[in-house]
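What follows is a set of structures to go through.
You will see chain A twice below: alongside chain B first, and alongside chain C after that.
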Partner chain A sequence: MEWIEKQRNVLDFTLSSILRRKSKNIALFVVFTAMVFLLASVLFFTGAIKKEASQLLRAAPEIVVQRMQAGRHTLMPLTAVDTISAIRGVSKVEGRLWGYYFDPVVGANYTLIAVKDALPGTMVIGNGISRARGLYKDDMMTFRTYLGDNTAFMVSEILSAESELVSSDLMLISEQDFRNLFGMKEGLVTDLSVTVKNSRELATIAQKIADILPDTRPIIRDEILRTYEGAFDWRSGIMVVLLSGSVLAFVIFAWDKGSGLSAEERREIGILKAIGWETSDVLLMKFWEGAVISLSSFLVGITLAYLHVFFASSVLFGPALKGWSVLYPHFRLTPAIDFYQVSALFILTVMPYITATILPSWRASTIDPDAIMRS
Partner chain B sequence: MIRKSGAFILFLASCIVVFCFTLLHAYLLHDKSIDKIALSKGLVRDLALTDLCIFTEARYTRHPSMADLHTPFQDHPTAMEHFPSGSLLQPPAHLQSHGMD
Partner chain C sequence: MIRLKDIQKTFNFGSSNEYSAVDGVSLTVEQGKITVFSGPSGSGKTTLLSMIGCMSRPTSGRIWLQDREITSLPERFLTHIRRQTFGFIFQQFNLVKGLSALENVILPALPGGENRKKLSESASKLFAIFNITERQDARVEWLSGGEQQRVAIARAMINDPEIIIADEPTAHLDTKLSREFIEIFSSLRDRGKTVIISSHDPVVCDSPIIDRVVSIRDGRLQ
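And then the complex of A and B:
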């Protein structure tokens, strides 16, 4: 009880001391909070999108086989279906018919996919297209075919807004409409999706495909998953490059504030020592000073980051993430908090600041109080 | 009148409570999101999708897992990266492992 009372007394004194240098400490709190907010936002966003990507793309094709010609992806002849089906361990090979359509009206790219159950003249569109073009069920949209003619499709359905992370720019039409729109001959598909009987044989079968069809490249599902694992890795990309500048500025600011004792602070330590405070009491006061600023900033910053990413859909990152696209999916990520990363953030922000506050005070508090007050 | 230390402890406790609420929110939403994930996963399976729809401006940003070594250069071997999203994305895993696809 006595120990708690002592801590509270020191904390009372520390808070009065912080309030005496109000503007300086408020500035520090704001900068510290902003730093934690930015770093935690990046951690939350990347953690959540990586988790969602790995959950969703686990249903992606096991192997996608694309044909390459002169360094570019080119159309695949359907004869390859039989060649690949003959490989032991392959259970199903299907042609995928998909491509892009640039819509000059809004300047957006759509991903068109031919599906078996679509009625000719109709299309199912993603929610992003519906929003960008103001298209709803039974509305018509005109396309320009490869010959320059106009052809219209009726919207038969709009894909659910909840699936926007994978379907925002999708346009599903019939195979015949797809071929008529792009002038793609029968017997050719965009690429092939391959299903195997035993997933442990994926790499072997992919190698066999590459050997039998040397002008193709097989992409296995693990590679797709690893692409997304790496794509939003917080150590990569422009976001961290931009943030690293702010982190360095913060480190310099915090180090300067924490380690460089002002004349007023040195005099305060001298007076406290002169009136009977022990060195340990001074260090305790400085510990509380560091803890008050850093703990408050950490908790406020991390909570604001959570609200920003999972309630406001990362509105501040929007301009960076949107890139130059016109059609941008509206999605709300499922929260995924990685405690290891939160702990790392805590250790990297709170601990160094407290240490930087205590160390110079320890040096000052071991000097003779008379010398401090006279200096 | 409440002591300064008391007010601060109250402030810190309320911050911790709010933070705990975010953890609880994450936990509750995780259960609710199972249907949403299942819906999207069904779409990925049925349509044989390979990528998330995040950056739609270029084919190698719309479908990064399908990109090849040449796509970022688009029309010219020495063309500079045109789209900012390219700075946010790493090269796809299969290009990093195979090297010369």
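And then the complex of A and C:
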């Protein structure tokens, strides 16, 4: 009980000390909070988007088989469907038709996919295209075919906003319209999607496909996921590198402000020692001072970052993390926090700050208290 | 009772500017009395006071507090004795600016772990004794010299110490305030406290309420 009262008393005194040095401590709080906010925003965004990507990829084909010619992706003959279907363990093989269309009006690339249930002459579009071209249900949009003439499709539906992260630039049309638009012959598809019975056999089946069809490249879903992770890790890495200058400035600022004791503070420590505070009491006070400032800044920074990323769509640096595109997807990430990363951020910001505040006080508090009698 | 035997305090030991602030002082300070260490500036009064108050250690010699030899105690125990046994009043009062008078007074007791409410009640009683109750919530820099002096005395009293140590307490006070100060010390003695003052102020040294004046010059008793 006495111990708790002591902590309360010292904490009370610490809070009043913090309030007495308002300008210094407010400056520290603002800089500290801003630093945590920026770093936590990057961490939250990267973590959430990777989680989002992995959830979306669960619906992706387990294996995608592409045909390669002279080291480049080329069209796949549908005859390969039967060849791959014959491999033991393969449950389903489907040809996919997809490609890109450059729209010079808005300077954006659309991703076109042929789907079986689309009616000829109609299309389903993503939110990004709808916004960029001002297209809504029943509107028409003209395309230039591979022959140079024009063809138009009617918007039958706009994809839901929930899927916008991946569907922003998406356009779904019928197989026949797709072939007519790009001049793709019957019997050829962009690639094949392969479903297997036992996911443990994925690598073996991929190897068999590569052996039977040496001009193909099987891509396992996990590899795509790894690529996504790599891409977003790289982007967040770039952000962190850009922020590292700010981090360094923060470290210098915090060290200077946190560790530098003013003459007034030294005098105060001397008075406390002279009137009966032990060195450990002074250090306890300085510990609380560092803890109050750094913890409150950390919590406020983390909360602001959470709101920024999950409620304000990362307005500050979303473009840098989402990618470079004309059709930026508008989406709200599902909150996903990696507590390991938050802990690392805590250890890298709060701990050094508390140490920086305690060390010089320790030096000041070990002087003889009679120095204050001579001041 | 405080007993000092062959106390010596040497600064800058071993270097060319080595000097002894206190040199071979043996002395007994009686309990429940007001003792004044008198002497000119640089005579060693403050150094002697700081050693008696466990703020610094003698280079040689021994000090007994009652029957306990305190010079060889570790820092931690010295601090404990300082907090429990001594109350200090400094020349400049050394109040912490930005804090209220009440917060200043309870400051020495905060690490003791006593309930904050009880501490405030004890402080309020002291404010009542020293007639500054209405100023207890004012920040110390807004107080007059006389009020600051009372706050400093109240702070020295908050842990109810046996011994009050005052270093040149009237150095910055006019004669009227100095006399008031002496009166307060008199009342403290009447309550059983031992008071040790360092001063070369005639108002203090020649006051009839002082029990004993110890003259010091060049670190030695005269």
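By definition in this document, the second predicted complex is superposed on the first by the 342 of 375 C-alpha atoms of A that agree within 3 Å, B and C clash if a C-alpha of one lies under 4 Å from a C-alpha of the other, contacts with A are read in each partner's own complex, and residues count from 1 in each chain.
To be clear about the criterion, a residue touches a chain if its C-beta (ideal position, glycine included) is under 8 Å from a C-beta of that chain, and two chains touch if they have at least 3 such contacts.
Since we're looking at a predicted model, the values are computed, not measured.
Student: Once the shared chain is lined up, is A:Thr355 touching chain B (first), chain C (second), both, or neither of them?
Tutor: neither
Student: Output check: A:Ser16 vs chain B and chain C. Expected answer is one of first, second, both, neither. What do you get?
Tutor: In the superposed model, A:Ser16 contacts both chain B and chain C.
Student: Looking at the overlay, does A:Gln207 come into contact with chain B only (first), chain C only (second), both, or neither?
Tutor: Neither partner.
Student: Tell me the contact category for A:Glu2 with respect to chain B and chain C: first, second, both or neither.
Tutor: second
Student: Residues of chain A touched by chain B versus by chain C: which partner has the larger set?
Tutor: Result: the larger residue contact count on chain A belongs to B.
Student: With the two structures laid over each other on chain A, which partner does A:Asp368 touch: chain B (first), chain C (second), both, or neither?
Tutor: After superposition on chain A, A:Asp368 lies in contact with chain C alone.
Student: First (chain B), second (chain C), both or neither: which does A:Ile271 touch?
Tutor: second
Student: Applying the document's definition of touch, where does A:Gln176 land relative to chain B and chain C: first, second, both, or neither?
Tutor: A:Gln176 contacts neither chain B nor chain C.
Student: I'd like to know which partner A:Ser199 touches here: chain B for first, chain C for second, both or neither.
Tutor: In the superposed model, A:Ser199 contacts neither chain B nor chain C.
Student: Does any part of chain A touch chain B in one structure and chain C in the other, and if so which residues?
Tutor: Chain A residues touching both partners: 8-9, 12, 16.
Student: Can you list the residues on chain A that touch chain C in the complex?
Tutor: 1-3, 5-6, 8-10, 12-13, 16, 20, 264, 267-268, 271-279, 281, 284, 368-370, 372-375
Student: If we count contacts the way the header does, which residues on chain A are in touch with chain B in the complex?
Tutor: Checking each residue of chain A against chain B gives 8-9, 11-12, 15-16, 19, 49, 52-53, 55-61, 64, 66, 68, 71-73, 94, 96, 100, 108-109, 111, 113, 115, 126, 128, 159-160, 162-170, 172, 191, 193, 217, 219-220, 222-233, 236-239, 292, 295-296, 299-300, 302-303, 306-307, 310, 320-329, 334-337.
Student: Quick one: which bits of chain B touch chain A in the complex? Just the residue numbers, please.
Tutor: Residue positions touching the partner: 3-6, 8, 11-12, 15-16, 18-19, 22-23, 25-26, 29-30, 33, 36-37, 39-45, 47-59, 61-66, 68-70, 83-85, 87-90, 92-94, 96-98, 101.
Student: Looking at the complex, which residues from chain C come into contact with chain A?
Tutor: Answer in residue numbers: 46-47, 49-50, 55-56, 75-76, 79-80, 82-84, 86, 88, 90-92, 94, 96-99, 103, 107-108, 110-116, 119, 155, 159, 167.
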